[in-house]
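Two complexes are shown next, each including subunit A; its partner changes from subunit B in the first to subunit C in the second.
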Partner chain A sequence: MALLALVLIPLIAASLLLAMRPAAATARGLALVSTLLTLAVVLWLWYTWAGTAVTAYSLDWVPAWGMRFTIGYGGIGLLMLVLTGVLFPFIIGTGYKQPVGDAALVNALLLYSQAALFGVFMAQNAFLFYIFFELSLIPIFFLLLRWGGEHKRAITIRFFLYTLLGGLALLFSIAYATLQTPAPHSADFSALAALQLPAATQQWLFWTLFLAFAIKMPIFPFHSWQPETYTMAPTQGTMVLSAIMGKMGIYGIVVFLFTIVPIGTAYWQHLVIGLSLFGAVYAAVIAFRQDDFKRLVAYSSMSHLGLMCAALFTWNAYGISGGLYQTFAHGVLMVCLFYIAGMMEQRVGGNDLARMGGLKTRMPRFALLFMLIVGNAISMPLTQSFPGEWLMFNGLWQLNPWIALAGVVLIVLGAIYMLYVYQRVLLGPDRDVAVADADGEEHFMLVPLIAIIFLVGLFPNLVLQLVDAPVQQLLNTFTSLH
Partner chain B sequence: MSALVLISVLGVAVLYLGIFGRKVILAPVAIIGLLAAIALLASGWHIHHPLLEGMLRFDRLATGFGIGMAAITVLVFLFGPDYYARKEWHVAEQYALMLFSLVGGLLMASYTNLLMLFLGYEVLSIPLYVLAGGKKRSLRSSEASLKYFLLGSFATAFMLMGIALLYSLTGSFDTGKLAAYMAAHAAPNMMLNFGLLFVVLGLAFKAGIVPFHFWKPDVYQGAPTLVTTFMATVVLMAAIAGFYRFIDATGMPHALATVLALLVLATLLVGNVIALRQTNFKRLMAYSSISHSGFLLLALLTDTGFAEGHGAAVGGTLLYYTFTYSLATTGLFILFTIAKRANQGAEHNGIFKGLWHAQPWLALCALALLLSLAGIPLTAGFIAKYQVFLLAIGAGWLKVMLFGVLMALLGIYYYIMVARELFAPAEQPVTFAVAPLNWAVVTLCTLAVLALGVWPHLPGL
Partner chain C sequence: MVRTDLLAMLVPAMPLLGTLIIGFGRRKFTANTAGGLATVLVALSFVLTLVLFLGHHGERHIVHLFNWITVGEMQIPFTFQIDALSLWMMLFITGVAALIHGYSIGYMHDDPRVATFFAQLNLFTFAMLLLVMGSNFLVTFIGWEGVGLCSYLLIGFWYKTPEFNYAGRKAFVMNRIGDVGMVLAMALLFLQFGTLNYAPVMDKAGLMAPNNPVVITATLLLFLGATGKSAQIPLLTWLPDAMAGPTPVSALIHAATMVTAGVFLVVRSSVLYELAPYTQQIVLWVGVATALFGATVGLFQNDIKKVLAYSTVSQLGYMFAAMGVGAYSAGMFHVTTHAFFKALLFLGAGSVIHALGGEQDIRKMGGLKNTTRTTYVTFLVATLAIAGIPPLSGFFSKDSIMAHAFQESPLAYALLVFAAMLTALYMFRLLFLTFFGTYRGKAHPHESPRVMTVPLVVLAVLSAVGGVLNIPHIFGGNEWLKHHLITAADGVANEDLALSAATEYGLMALSTILVVLTIWYAWTLYGKKTTLDGEPADMPFLKRLIAKRWMLDELYAYLFERPFSWLSRHLFTLGEAKVAVPVTVGTGEAAQGFGEWLRKLQNGNTSFYLFGMMLGMVLLLLITLLSA
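Let's turn to the complex of A and B:
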């Protein structure tokens, strides 16, 4: 019941918003209450988590094609549900200080995407997963198309086609895999995981599956939609895309690739790690050269996701746990950074870093908040990113010390470009411009987020305990392969 | 059988009513008659006995196609009163010709004899040649009529040649005898292959398969919108039903299956790529219809290389696909007419601008219908495409299928481009006048498309 509530609460709230079209304040209030309710449900699920996978419902839908309405969650799914539940109140909250357009419509679209995202992470049937996977895209598509920045049409359409290409490849793979299950066919994850496809099949099926998730994250060379889309999108849209939708890629890799095509994964493992790390270094170098704050954060996101993907493919306990743990840390970080970018955009009227600088004395409180977030972005100890980076680094080291060197390069590059941003935004000679310091509402957003950063940094086990058992289970299947 | 007779008599009755000048009651009479025909068809659901000396057989699928075609015709006729209210044409003939065309469609869905195929094909087509030229004073309409007639005659001649070749081999028009002959003579046979190929070409013309598609955009654009709707829906269903019966009966030797696969590739490519560049909505729908024909042919392809009766799943898929496609197309053409009137007769895609602000519900309906044509989940169009994918993967046409996936992506693009217009503000204020009946039909189409998308097994096939 709790799981269904997660989908239904935002769905009902969004439909109410669309039908009643209330004034902006009421619309935001309703949306915020709805996301806080889902947060409560998610926290309750987290609190009562007993360490075993739960299947809440399993109903027939179209049995002939293996379509079943099966929902539930394991540790990894729960982690994603928690991520979605924790971040959405902040994403809705961003609309208070940084509003875009028609509040009722914007919040309705955001809530629809939340409902679909919850659906993605609780679906235990590949077909159901696909449906939610596609549906989550549609509200964001309209959000971008209506309220995006410059060149919004061309960029949105490109983004949409890119992700749909991945989606269709995924659909093809699901259809193929389902038809390989013994009759009566079933697309339930459990049935697909029991498939033992021939090695040659797994080798090509790997790519049709991986394409969908590589585009979603994105991984080099499927990334070209991402920087423009993140830059052009309204802040709330960028937050959903980077903090949560990108994680659908990570989740998909664990749920689909590692269980359905393990031999294919083993076969392409090194190529994928190579691509991911190359993309991560490449994005970090580009990030350093950016003059646009949002675009810089977009590239940094791509860099982080590349490292996470590489860590997953190391196939050892450190790498996989680290990669999964980092989905949470990275989600929180992205909401923080894009919120900060939005704050600066309002104050100086653009994202251009050249227009910023020398503001530290005028916004001392903001400078402190930003410093703490930068500390998280460069994985300072005691922040939540540190355990993740450490685990991922260990995972890469176990595989090959030379590969771990790329991880070190990334950490250094990350520190360089983030500190450089801090410098360009706040330090330097004082400018004679009137900018307001962070106000009460902005503290109300950032302080809880920073609290999460340090809470999880001090007690990483809060998150890690969710993934321990599933990761062990994955590793057992891998060892049985060899 | 009784449904066939009823619809033919109904057509004549409507003609007579027209003579006595009661324009208002034409559509109601035709619709009531069609509903009675649907009831007759439905009551014969489980009767599989052959008719007319074994020349027709109303099996489950033929009945399903018959009901589907009659139901869509009802929707088109519901659009009729509003559409013809402001035209001075002889309305009775329009309804009667469509009813006669529907009779041809029923024959094509149920034949077991090539003569009946030919008869159905002609009864379906000849009224359409007249209907396409319905706007007598419009050059485009006349062009459409002439083009359709000339190319159609050409295709008919091919088909007749094919039937003659097959007759010369088997000495019978019966498809069962043809299948038996093919089973007994497995060696490659030029005469047989050409006979089969020519019949297929005739059918491919009617379905708008590349390279026999050239008539489609011009005829769709030139014909009155109501006739275009009828052609895009009922006629496509009839053509696909006829195609399916032929392929399912003969099984198609391997050589011809390869030809069909090439046609699928060409149709998907041409239909989708050219649709990208269309600015006229009717032409866009024509090219999108060509691309849908490509997917339908891909489903047909999976029924090759077997003896008669293999493809029950294929038949069900084709019926589901064409029926849901027809629902979406009917709704969209009605919306197109509404928008066209609001924009002084313009036909470009931009006429939908401002619909969201003026008529939010209709804009949402249009969005759902477009998404269904594009094949987005939770709409019937998605389930339809998915069924085709499953069939193609099951039959091992993996590469053709992957190509289809790419082309489906292009399809999504041009439908989304139209959907985008719905929500854009209009340049100058427009008022969309919506007749209550049209509103109801659009709503019905939308709800049906969504319901069939969520519960694909609703029709019980």
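Let's turn to the complex of A and C:
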């Protein structure tokens, strides 16, 4: 029941918003209450998690195609539900200080997206997963098309076509794999995982599956939609895209690739790690000289995701646990950074870093908040990013020390661009412009996020315990392969 | 044991508490309350450490706080290790930090962000304590990164000057390059030993054959980390730039404590280094080369703090030379005495700068021994100590390193003696130009307030008598510090000096005579200067090269900074804008036929889409419920 509630609460709230079209304040309040309710539900699920996978419902839907309405969660799915549940109140909250357009409509779109995202992470049937996977994007498209920045139409359509391409490949792969299951066909994850496809099939099926996830994260060279989209999207849209939707790629890799095409994964492992790490370094180098704050954060996000993807493909406990753990840490970080970017955009009227600098004297509170977030972005120990990076580096090292070196270089590159952007936003000779310091509402957003940063940094086991057992199970399947 | 646990937790808790209280109340605190509170808390840490220290009898006690990272086979607890080594570090860190905090009350009194300063200085002390107290590599790494961040913040404390911000970033990034080594070393050690706790790692490593690839790689990687934090070749150019920070920061972070973290790490891992003679050779020669580098460049600096910065680089070189010849306790001895006299030198320099209203150029000083009497006398003590004049502390610690170096490699010894002569030369040049002759500036020099001079006097006493900590056998001493540390660092046990008493006396006499001659030479050059000529235009090539700091900064700019910046620009303008995006757009155009079809659906009416979407979701649910 709790699982259905996760989908229904935002769905009902969104529909109410659309039907009643209340004033902005009411609309935001309703949306916030709805996301807080879902937060309470995921926290309860987290608290009561007993370490075993739960299947809530499994109902026939379109039996001929193996489509069943199967929902449930294991530790990894729960991690993603927690991520979605924890971040959405903040994403809705962003609308208070950084409103875009018609509050009722915007919040309805965000809530529809949340409902679909919950669906993605609780679906236990590949078709159901696919449907939610595509549904979650649609409201965001509208958000981008209506309230994006410059060139919103061209960029959104490019983004749409790109993800559509990935989606179709995914749909095809799911259909193909389902047809390989013994009759009556089933697209339930458990049935697909039991498939033992021939090695030759796995080698090509790997790519049709991987394409969708690689675009979603995104991984080099499938990333070219991302920087422009993140830059022009309204802040809340960028948050949903970067903090949660990108993670559907990570989740998909673990749920689909590792279980359906393990031999294919092993076959292409090094190529994917190479691409991911190359892209991670490439994006980190580019980020240094970006003049647009949001685009800089977009490249830094791509850099982090590259490392996470590489870590997953190491196929050892540290790499996979670290990569999964980092989905949470990275999600929180992205909400923080894009919120900060949004605050600056409002204050100086754009994302151009040339308009910033010399503001620290006027914004001491903001400077402290930003510095704490920068500390997280550069993975200072005792912030939440550090345990993830440490585990990922261990995963890479256990695969190959040279690959690990390529990964660890990122801690230098990350420091280079993050400290530089901090300087360009705030430091330098005082600039004679009237900007306000962070106010109460903004503290209301950032202080809890920063509290999460340190709480999880001090006690990463809160998150790691979710993935520990499932990762061990995955690894057992891998060992049985060899 | 419970009492030890509690005390051990309280030691770092004090400065952390200070950071939080002062940090949150920074707008309400006056300079004196913020500074007073910060100082008292660090002094309390010192007292608590002293209690721990006096109750300690060579045992190793692990204080378990909580389990930090647990995944698969990996269990990383958040634990402290209280043993002879960590206690010794804690003792001088909190002691020197308390003095410098107190001094800062006077020095930073008029700064508008004085409370922030003390919050950050307290945070630094907290991180430094974590670094030395950690019972595994990863807890040490928390402190290791923490001190790096505080260093960054405090170097760029006066954030309105872009050069200072650059200096802060440079320090952090160069440290991070070293950290790549640290992280990889930890990954290697974990893979090899299945744990990162010091005790089991060292126990298991002790069973391995000498010079095996694992130990060599691990020690080299750890040493890379040490070169960053402790400003050794090749990662040293950040330290002179770090002088942009307020002078107490230079004294505490960039002279007495943080920069010795690399030495501490090597001593902590002495078992590994003992097994890797190959690495030891590298450490020795990097140390010797850095000692010479710092000492030569120090000769040509005119900024009082820059002279001292290069001097620190040089002295750290001595410490690593000691590590390279396996003289761990000698190195730790020099770490300690250096903390006394170098902190004193920086604080003295700060007092001079304070007296002259911010002037740092020694060419515009002179004759200050009459106007700033206490500063002069204490500065003189520190200068004699660093030059190695008996019986001051620097004599004993430096001599101990040089004797061990002689035993290992007479060439290294000769070079270190030469560096010692250069040390005497640049230090007495500094002393004479600052305090002797006649005043060449325009300010009105005045002695600093009590709150600043009292720490000077305390440090001067410590610099003078610090040698008693480790008096060698030939002087009838019992090498107390060595016997203290032997319980904590196994490498110390192998540290015996096999030289005859006559050789030891000979070496001491030789270096002392050479140093005294050098001081006399410095006196003839700079002792009675009333005016100062500019640098001669036709300096010989070598001299010019040294004056330009061996061109290392320029070399790095051409080799790394500029290419990196160029790459960052062009990967974006070429890689992204000209390749990646057009390819995507091309894909889009190829799919245009498909796009046309899509466009018919995309009629731009948002409500239509929403309706469709809702319809879909409702249908989905209906089907589910009906089929139930």
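Simple rule for what comes next: the second predicted complex is superposed on the first by the 482 of 482 C-alpha atoms of A that agree within 3 Å, B and C clash if a C-alpha of one lies under 4 Å from a C-alpha of the other, contacts with A are read in each partner's own complex, and residues count from 1 in each chain.
In this text, a residue touches a chain if its C-beta (ideal position, glycine included) is under 8 Å from a C-beta of that chain, and two chains touch if they have at least 3 such contacts.
The model shown is predicted, which means the values in this text are computed figures rather than measured ones.
Colleague: Go through the superposed model and pick first if A:401 touches only subunit B, second if only subunit C, both, or neither.
Modeller: second
Colleague: After the superposition on A, what does A:216 contact: first (subunit B), second (subunit C), both or neither?
Modeller: In the superposition, A:216 contacts neither subunit B nor subunit C.
Colleague: With the two structures laid over each other on chain A, which partner does A:282 touch: subunit B (first), subunit C (second), both, or neither?
Modeller: second
Colleague: Give the label of whichever partner, subunit B or subunit C, reaches more residues of subunit A.
Modeller: Of subunit B and subunit C, the partner in contact with more residues of subunit A is C.
Colleague: Figure out whether A:362 sits in contact with subunit B (first) or subunit C (second), or with both, or with neither.
Modeller: A:362 contacts neither subunit B nor subunit C.
Colleague: Is A:247 in contact with subunit B, with subunit C, with both, or with neither (first, second, both, neither)?
Modeller: A:247 contacts neither subunit B nor subunit C.
Colleague: Just checking: does A:330 make contact with subunit B only, subunit C only, both, or neither of them? Give me first, second, both or neither.
Modeller: Neither partner.
Colleague: May I ask you to decide whether A:290 touches subunit B, subunit C, both, or neither, giving the answer as first, second, both or neither?
Modeller: Once the two structures are laid over each other on A, A:290 reaches subunit C alone.
Colleague: So in the superposed three-chain picture, is A:304 touching just subunit B, just subunit C, both, or none of them (first/second/both/neither)?
Modeller: A:304 sits against neither subunit B nor subunit C.
Colleague: What is the contact status of A:380 with respect to subunit B (first) and subunit C (second): first, second, both, or neither?
Modeller: second
Colleague: Across the two complexes, what residues of subunit A are contacted by subunit B and by subunit C?
Modeller: In subunit A, residues 131, 135, 138, 142, 146, 157, 161, 165 are touched by subunit B and also by subunit C.
Colleague: Report the residues of subunit C in contact with subunit A in the complex, numbered from low to high.
Modeller: 23, 66-74, 138, 141-142, 145-146, 149, 152-153, 156, 159-162, 165, 168-169, 172-173, 176-177, 179-180, 183-184, 186-188, 190-191, 564-565, 567-569, 571-572, 575-576, 580-581, 583-585, 587-588, 591, 594-595, 606, 609-610, 613-614, 616-617, 620, 623-624, 627-628
Colleague: Under the definition above, what is the set of subunit B residues touching subunit A in their complex?
Modeller: Checking each residue of subunit B against subunit A gives 376-378, 386-387, 389-390, 393-394, 398, 401-402, 405-406, 408-409, 412-413, 416-417, 420, 423, 456-457.
Colleague: Given the complex with subunit B, which residues does subunit A contribute to the contact?
Modeller: 62, 65, 130-131, 134-135, 138, 142, 145-146, 153, 157, 160-161, 164-165, 168-169, 171-172, 175-176, 179
Colleague: Within the complex, which stretch of subunit A touches subunit C?
Modeller: 11, 15, 18, 57, 59-61, 69, 105, 108-109, 112, 115-116, 131, 135, 138-139, 142, 146, 157-158, 161-162, 165, 221, 223-225, 227-228, 282, 285-290, 317-318, 321-322, 358, 360-361, 368, 371, 375, 380-382, 387, 390-391, 393-394, 396-398, 401, 404-405, 408-409, 411-412, 415-416, 419-420, 423, 426-430, 458-461, 464-465, 468, 471-472
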